[in-house]
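Chain naming follows the written order as A, B, C and D, and within any one chain the residues start at number 1.
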Amino acid sequence: MEAKEIIARRVAQEIEPDTLVNLGIGLPSMVANYLPKEVHVFFQAENGVIGLGARPPEGMEDPDLTDAGGGFVTAVPGAASIDSAMSFGLIRGGHLDMTVLGGLQIDERGYLANWMIPGKMVPGMGGAMDLVAGAKHVVVAMVHTAKGKPKILKECNLPLTAQRRVSLIVTEMAVIEPTEAGLVLKETGPDASVDDVISATEASLIVQGDVPKMRL
Amino acid sequence: MEAKEIIARRVAQEIEPDTLVNLGIGLPSMVANYLPKEVHVFFQAENGVIGLGARPPEGMEDPDLTDAGGGFVTAVPGAASIDSAMSFGLIRGGHLDMTVLGGLQIDERGYLANWMIPGKMVPGMGGAMDLVAGAKHVVVAMVHTAKGKPKILKECNLPLTAQRRVSLIVTEMAVIEPTEAGLVLKETGPDASVDDVISATEASLIVQGDVPKMRL
Amino acid sequence: MKHAIKAAEAAELIPDGSTLLIGGFMGVGSPHRLIDAIVDKGAKDLTVVANDTAMPGRGIGKLVTAGCLSKVVASHIGLNPETQQKMISGEIEVDLVPQGTLVERIRAAGVGLGGILTPTGIGTLVADGKQTVSVNGEDFLLEEPIPGDFALIAAHQADYVGNLEYSLTAHNFNPIMALAGATVIAEPHTIVPIGVISPDSVKTPGILVDYLLERQPDGS
Amino acid sequence: MKHAIKAAEAAELIPDGSTLLIGGFMGVGSPHRLIDAIVDKGAKDLTVVANDTAMPGRGIGKLVTAGCLSKVVASHIGLNPETQQKMISGEIEVDLVPQGTLVERIRAAGVGLGGILTPTGIGTLVADGKQTVSVNGEDFLLEEPIPGDFALIAAHQADYVGNLEYSLTAHNFNPIMALAGATVIAEPHTIVPIGVISPDSVKTPGILVDYLLERQPDGS
């Protein structure tokens, strides 16, 4: 299984029925594909809809209905249009049950950096800072290493997205829960041992007893 | 002519075409009756409509459409429903061209007191503090004296509604404009001389040249 | 999909001592069946946050008469002499808040802001004991958020997932309070199937609504 | 009743050096005819406040390419490499603001608040040089209002008095920006007689709109 599919499948298991969920563009948006049919959730696109649906039938695309990446989408029955103040009011106000975002780095405290690489890439934070500061659960979905180098570090050297501990980190190698005591290794990926994870991670990991494999 | 009619007729002359106007309950609400037909304005009821209209035909009253006093009203063509955040956003944000309010007292600086008499009457400020702080023009419409005693004082002894100079005071005896220099007597009522106004007013009035009569 | 509950069931959800945000302006756009059920239940020691306390025998006025309230946070109580009497006798504590400040404080709680900075009330009794913050040389009052344990919302129409529409001046505080209650109970006049309310007509997304009152049993 | 004006006339109203609030999210819900007219006019030294700068050849991206801008205040410029190049070369000053903070700062300007108190950005680069305000032991960033000389609004439908409706994800910043421009120019897709838009469907009351663009001349 490809790394991205492992991550998306595993994150999908975190989604509770009847919740409001925001999926970032890119890898996080793949999570919707692996949600069991019986689990009903509303997806929020922060650009303005609660009840984001799949791609529209050809010839039925509406230029006034896109996701946050600008791609054509549908709205599910029961959807609601919202303006940006309502959209981020829901996010900042704690009404969003879960957000799934990509990450560049995460440190031992569980703090995320995902919005700029100084001098190199300055795309802007978009909605990321509000999402990490405001969502009830923040799940980071990312590949475990970048060009062989760890992305889970003792300390981020990229600018932080928020001064808040994220709820969960899901990579193709591991599920890690940041806690008060540190980063707890909860599961390993299908092709990774505990030692593999430890050597691909700069930050210290807390390993308690037998660490189960992801069930995908 | 009754005092209230004099006041309402004179205030109506202050209303500019194509503006947004809020009329307080009681005397200020009478102003709408004296607006020339060719002057189109939108009246705002702060409880939630832009485009307040007259009383509805009998049997057509809608319990979901009232003015700020709770009386049945209509909505004119082109009206808009607004929630309280939008209503006061318009008021505080300077989008309301004029508000007409009643007054208990006004002082020499042009500061208004109209929301409570300590130990006696504590109705609450409702929207008055926001209206006086936020409207572009604040017109106070009130009878000149209460039980023979001046209401325009050197200093208010009732709690202030706002620390802001109102734009104009209209009574049955006078039109007075509060300015940086003090209260300027601009016009006298149909049955009042300049001396009558001065003796019915505790605050000092600035009288410049001949003071014209109101033209009603 | 929401389950429609009866007014009496909704009233049972609300413990004595709770803080309730209740929509309405002089009773217009108030959740009348919920209020009646709370009176019937004999609730005690409630704090009500609302624009006003209507008048005796109407809307929130019924909660005042029934002795359900220990505190009222409102912009206006002038048309309810009972509220004034109970304030003077000390039975009900009354906190008067300018109307525009009240709605923004509730909104701040609902959208996760730390408070509001408003010019309203500067230089008046309302400023007593409050922090003043200067922005570019102008002074503003810092007014704190007002959240509720419950928001009791009146709506014109709901769909099965709880999306809400409001009518004319019955909007007032309802769409804002729906953001700020830890638990939100909506009392719609009618309930329609999913899809009857267009996404563009939704004023309160159903994800904010925890409980939906069944429609008026007699269909009125 | 508003007079419908042409896009070129609207562009003439906007002096070089103005600050423009422009609706849209990656070009969706942007006032495209107004943007084209501003490019055609050869405007200079504009500050644009918007969620993003779209991409080259689309929406606000056209203003970037044409060299109309000296400053951009946005939450995201990642999909427009030209904006990034011009930022690095110093041609355009870029101020990056978190999206939720950006929309609330614009709203604060529109509704007369002195700023907002937000948890977003605390402990990050965004907090640099900003006042922190403590409310009940929690820290919030004080972010100042962002008003505009002009707000350029795209709407789905307008009526003759300027009441506006928006469609689906083309709402985005438009209804908020309509509150915060000293002069508001709305570009509706269609214009309908008074009464066609129900009062309950109005998202932006016409009293906020100063100029209404005529509908697309070819009716498309």
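In this section, a contact is a pair of C-beta atoms (placed from the backbone, for glycine too) under 8 Å apart; a residue touches a chain by one contact, two chains touch by 3 or more.
Only a predicted model underlies this, so the values are computations on that prediction, with no experimental measurement involved.
Asker: Counting C-beta pairs in contact, which comes out ahead: B-D or A-D?
Answerer: Of the two interfaces, A-D and B-D, more C-beta pairs touch across A-D.
Asker: Centre-to-centre on C-alpha atoms, which chain is most distant from chain B?
Answerer: A
Asker: Please compute the C-alpha centroid of chain B, do the same for chain C, then give the distance between them in whole Å.
Answerer: The computed centroid separation for chain B versus chain C comes out at 29 Å.
Asker: Where the CA atoms of chain C average out and where those of chain D average out, how many Å apart are those spots?
Answerer: Centre-to-centre distance between chain C and chain D: 32 Å.
Asker: Would you kindly tell me how far, in whole Å, the mean C-alpha position of chain D lies from that of chain B?
Answerer: Taking the average C-alpha coordinate of chain B and of chain D, the gap between them is 35 Å.
Asker: What parts of chain B, by residue number, touch at least two of the other chains?
Answerer: Each of 49, 75, 81-82, 85, 88-89, 91-92, 134 in chain B touches at least two other chains.
Asker: For chain C, which residues are shared contacts with two or more other chains?
Answerer: 104, 107, 111-113, 118-119, 166-168, 199-200
Asker: So that we know how the chains sit together, what is the shape of their touch graph: line, ring, star, complete or other?
Answerer: Per interface graph, the chains form some other shape.
Asker: If you go through all the chains, which pairs of them touch?
Answerer: Chains touch in the following pairs: A-C, A-D, B-C, B-D, C-D.
Asker: Please output the residues of chain D touching chain B within their complex, sorted ascending.
Answerer: 1, 107, 109-113, 159-161, 163, 179, 194-195, 199-200, 202, 205-208
Asker: Along chain A, where are the residues that touch chain D in the complex?
Answerer: 45-49, 62-66, 68-70, 75, 81-85, 87-89, 91-92, 121-130, 133-134, 159-163
Asker: Can you tell me which positions in chain D touch chain A when the two form their complex?
Answerer: Counting only chain D, the residues touching chain A are 25-29, 51-52, 74-79, 84, 87, 94, 96, 98-101, 103-104, 107, 118-126, 156, 166-176, 203.
Asker: Sort out for me which residues of chain D touch chain C in the complex.
Answerer: Listed in rising order, the residues of chain D that touch chain C are 104, 108, 111-119, 131, 133, 135-136, 138, 140, 142, 144, 165-168, 199-201.
Asker: Show which residues of chain A lie in contact with chain C when the two form their complex.
Answerer: The contact residues of chain A facing chain C are 20, 40, 42, 49-51, 75, 77-82, 85-86, 88-95, 134.
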